[in-house]
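Labels run A, B, C, D, E and F following the written order; every chain starts at residue 1.
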Amino acid sequence: MLNKAKKVVVVTEKILLDKVVTLAMAAGATGYTAVYANGQGHRGVRSDALSGHGEIFSNVKIEFITARPEVAQKIIDGVVSTYFGNYSGISYVEDVEVARTSQF
Amino acid sequence: MDVLLEFFHTFLTQFQTPTLAFLLGGMLAAALGSKLDIPDAIYRFCVFMLLMRIGIQGGMEIRGGDIGAMLLPALFSAVIGMTIVVLGWLTLARMNGVKKDDALATAGLFGAVSASTMAAAMFMLEDEGIYFEAWVPALYPFMDIPALVLAIVLANMYLSKKDGSTKRVAIWPIVKESLQGPALSAMLLGVAIGLFTRPEAVFEGFYDLLFRGLLTVLMITMGIEAYQRLNELRKVAHWYIAYAFVMPIVHGLIAFGLGYVAHVLVGFSPGGVILLAIIAASSSDISGPPTLRAGIPTANPSSYIGSSTGIGTPVAIAICIPLFLILGRWVFDL
Amino acid sequence: MDVLLEFFHTFLTQFQTPTLAFLLGGMLAAALGSKLDIPDAIYRFCVFMLLMRIGIQGGMEIRGGDIGAMLLPALFSAVIGMTIVVLGWLTLARMNGVKKDDALATAGLFGAVSASTMAAAMFMLEDEGIYFEAWVPALYPFMDIPALVLAIVLANMYLSKKDGSTKRVAIWPIVKESLQGPALSAMLLGVAIGLFTRPEAVFEGFYDLLFRGLLTVLMITMGIEAYQRLNELRKVAHWYIAYAFVMPIVHGLIAFGLGYVAHVLVGFSPGGVILLAIIAASSSDISGPPTLRAGIPTANPSSYIGSSTGIGTPVAIAICIPLFLILGRWVFDL
Amino acid sequence: MLNKAKKVVVVTEKILLDKVVTLAMAAGATGYTAVYANGQGHRGVRSDALSGHGEIFSNVKIEFITARPEVAQKIIDGVVSTYFGNYSGISYVEDVEVARTSQF
Amino acid sequence: MDVLLEFFHTFLTQFQTPTLAFLLGGMLAAALGSKLDIPDAIYRFCVFMLLMRIGIQGGMEIRGGDIGAMLLPALFSAVIGMTIVVLGWLTLARMNGVKKDDALATAGLFGAVSASTMAAAMFMLEDEGIYFEAWVPALYPFMDIPALVLAIVLANMYLSKKDGSTKRVAIWPIVKESLQGPALSAMLLGVAIGLFTRPEAVFEGFYDLLFRGLLTVLMITMGIEAYQRLNELRKVAHWYIAYAFVMPIVHGLIAFGLGYVAHVLVGFSPGGVILLAIIAASSSDISGPPTLRAGIPTANPSSYIGSSTGIGTPVAIAICIPLFLILGRWVFDL
Amino acid sequence: MLNKAKKVVVVTEKILLDKVVTLAMAAGATGYTAVYANGQGHRGVRSDALSGHGEIFSNVKIEFITARPEVAQKIIDGVVSTYFGNYSGISYVEDVEVARTSQF
């Protein structure tokens, strides 16, 4: 009843949420789940700032589940080439097993 | 000599006004490692209340008054906003170790406007009993938007030329994004409500009643934020520090000059001239940064937000407010 | 003829009241793509303050007054709430393309009560100087709970019959969940505090002081939300739109009629009759939806929340408030 | 020191948090971790609504770590059959390696 | 006999004050399973406003007044805070089934101070027209910090001895962490602003204006929290319940006695003596717990937070406030 | 283009966020991503409390991606031995595949 699928995770700047989702949907994703996050990487600490900069100095973690490995690769490639030159962010893939594969 | 004495006196008095004290208090608390922290929801609500209050009052004034009088000051506001960006291009952008796109983003923020600095200046004028047209704060978008648009357009032209590409920047999306931001939206909604409805009761009993207090809360937040952003500046060239210290005064002087012209030509009030100068001296802290982050993605936010929030805003509030008050008193013999 | 003129006049005046203006402003801002946004914590606090204020005042009134006078209006409230659900079953549920359970959920929400619409109506009456018993808002749960319970019971009976199953719906858990919701809890806590303690100072200096202003903040939020929920309605049958436009007026008329009976029989005040009509015309926006989502899981929330928040609430505030004010004036010769 | 275990993830409507946790505990879960989330799937966009509907139009992401694969399967089956007919939601499993296995 | 009658009368009156009513209302709502809930951002803002208000007033008073008068009461505050911890070590820590480190953490919290209880006491005194020096609330840190430091030091000495290790506890980090916590930071910032600037207008028009109302919101929150923490107590020894019921009264009596000495020696006001007793009777609910969680990691937070928030605070507000008011009236013949 | 890496997840008390991050950085982590979370384990329910105790009775979920398995092991060992005696918490590892391995 469970079938193999890929989970692509993108952690990046909050202001990119809509753009990354649009990119992934165009690449064939069928949905996403997003949570706000703090973090630190090679571009420094990123935490919920108090002011309007909250959008700029804090992160969002976006997950895309897809049954098609080539879609996963396309999302990662697209995000890295389009955004990770100028914006903070990381991206990785995990193996998962989904119920109701037809959804993804 | 007298002027100097007066400057120090006004300056000292200003240091005792709660507005500035709360700003410095916030900075000090952050510097001492305090976990004092205004929740984000409260901060955003304070900004909303401030801009609604300013907008409603402006709208009520425009309703009763003569909209023609706004034309020249509005035009001058746009000129000032764009002049500030060009000035940044001619000064900061030429410095050693300063990336051109970082410099333009910084100049864009300094050309744009800080609602909280503007609110602090309005209080100071009210406390001093100096009249200004209530629509003056509504000049905000006329200075803010042209500055942001010009900075983004210049930066993208520069980057395209460097790449050898020829893509053009669409202006309307930038204007739209500015107008749709939470700060300008709230002010414009306030203007509309002031203009078309009778909000006097709720204005006095709520928006105006809480204005002064919420501004102190906002000032603490700005102070904490300023200290945190100062840290970011350590990573970038020292020229940003010099720029952020000196240019607010220069920007204010330019605006004071143009405001004086409007005073002579169309009777713009002395209080209005002072307020316009402080608006010009202020640098954007809420709406500008996200617009620039999206519009000039290659620019390093640490440089422009560090300069504006870390130094520009404290300088505008602590130095430019008393400075232009004194200058106005002296010029207009108030 | 005169009545018609007066209607348009009252109507126009109402459009200039800040309450309605803030609602429309919120809708407009959302429609123009503004990122204006009242933080969720502030929204929830506004709701809390509103219902505490209404509850405390009701409690203080009941303390001083004659509880017997509440009996008939309370009974009528329950009758109105249930009648609205039955009406929805006889009309909306029979339409083409409308699922029976969606229709019942929608009728449940329209039978239930909107605290913010009720608060807006209270202001209007106070502004117009029309007296009403301060316990009238405390009729809220007497109309709200029977409507929600009946809608859920009918929907489950219908679904059981369709499945051929025979499971029964427990009523008490629904009543309990309603009473434990944040809206009714706050109002009941307010009633208790008004009834058993001496909250006069804090009522006047805080809850009542901020009431009018916080209502404007709530109205902006409701406006933004209304616009967003309108979009949901695009996905469902057009009958929802017709229902949500027309039925608030019908529900209000029924309540006005029963209120009039109470006026004649037990001296229910004219202001109370008007307020009861507007309470009936209003549709639930806070407490109802979660109760229905859990109680009728098969119903599509886009249909019932879209109808209520997207159309029902704006219609209740913009049309029913002036309408029943005029009707009351005319009937009671105020 | 690390031992194989399963992580079951359920993304669904916020109002189901308590119910899904109860179901999973009954199926043998020893704990859970939950975060609020926005998202989009075949039932449309689900984001933190402003009003009381926040509960209805936004999501929660719940994770259950269990050392027993049959518990994982039972949670997924239970959630899918009990809730995903009428409510939005997805569910999937990942392989993890836990410290202190006795806890799960 | 008269005294007893008066006690019951004051006690009953106190039950009708909104402060206590809101606390009990919050407890009751939680007990009945209500989903009533004050958003965390609002709760934190209320705490901020309360402590700023208390701090600013204290600062303004110190500015005008005689700082020397504070010395003895400040010294006594530190003595009281440490005495409470030692008392806890001698009583609670010896009981069957009570872990020594849990007992010390609990005694630390009871030696520390609750800002909201203190605020409630200030209101009661103002309502009763009993004067107290406005710097009395600023004694808060002088009692709070020594209690927390001593509890942590004793616990770590005990644990080291048990382990046979000899590591010493650094005191300064604990003091620093206390001072940097959001509660004490806000109060100290308020004191600084009251001392060095002229915040009269914003104090009266904002901080003081909203104080009483925000305290009621805080009380509801404390009530909900108290009920939830009571549940935690079920898991620990019954001795915590006895301790949390009885000791606030004992602590208050000790402070009343020392306050009386200060009254005789340096003219400490009767109102100040009463307030000092209530401050001592109160137990920390905001700043203490995180400091202790980090400082005594082995202690079970359910035990100390359950005792303090679940029982200590309600007892301090419901019993100790009227009790020490009556005692003060009787001793000082007010 | 994707390379194997480990994701270490630590769910523990909110007040430990800074300390756990410092420990992990010292063990060789190059960054982290953190979200606030509710949960339940063998030490009972932990949810966003209303009051200042929010810090004590609610959780944080911290993730460290590292290309070096020995760093993952070191983080887990460190957290378990330093904190999980006195504080609530769980820790586990997952296999992931990262883009731009040089970052981790």
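Assume a contact is a pair of C-beta atoms (placed from the backbone, for glycine too) under 8 Å apart; a residue touches a chain by one contact, two chains touch by 3 or more.
This one's a predicted model, so the numbers in the text were calculated from it and none came from an experiment.
Among the remaining chains, those touching chain C as well as chain F are D, E. Path length between chain C and chain D in the chain contact graph, taken as the least number of steps between touching chains: 1. When the C-beta contacts at C-E and at E-F are tallied, the pair with the greater total is C-E. Rounded to whole angstrom units, the spacing between the C-alpha centres of chain A and chain B is 35. Rounded to whole angstrom units, the spacing between the C-alpha centres of chain B and chain C is 42. Centres computed as Cα averages put chain B at a distance of 41 Å from chain F. Across the assembly, chain C contributes 37-42, 182, 209-210 as residues in contact with two or more other chains. Each of residues 35, 94-95 in chain D touches at least two other chains. Counting only pairs that meet the touch rule, the chains in contact are A-B, A-D, A-F, B-C, B-E, C-D, C-E, D-F, E-F.
Across the complex, chain A meets chain D through its residues 1-2, 5, 7, 21, 30-35, 65, 94-100, 103-104.
Interface residues of chain F, counted against chain E in their complex, comprise 13, 15, 44, 48-57, 86-87.
Of all residues in chain E, those touching chain C in their complex are 15-18, 21-22, 25, 28-29, 32-42, 209-210, 212-214, 216, 220. Chain E makes touch with chain B in their complex at residues 39-42, 44-45, 48, 176, 179-182, 185-186, 189, 192-193, 196-199, 201-202, 205-207, 209-210.
Within the complex, the chain A residues that touch chain F are 9, 11, 35-42, 59, 61, 73, 76-77, 80, 84, 90-95.
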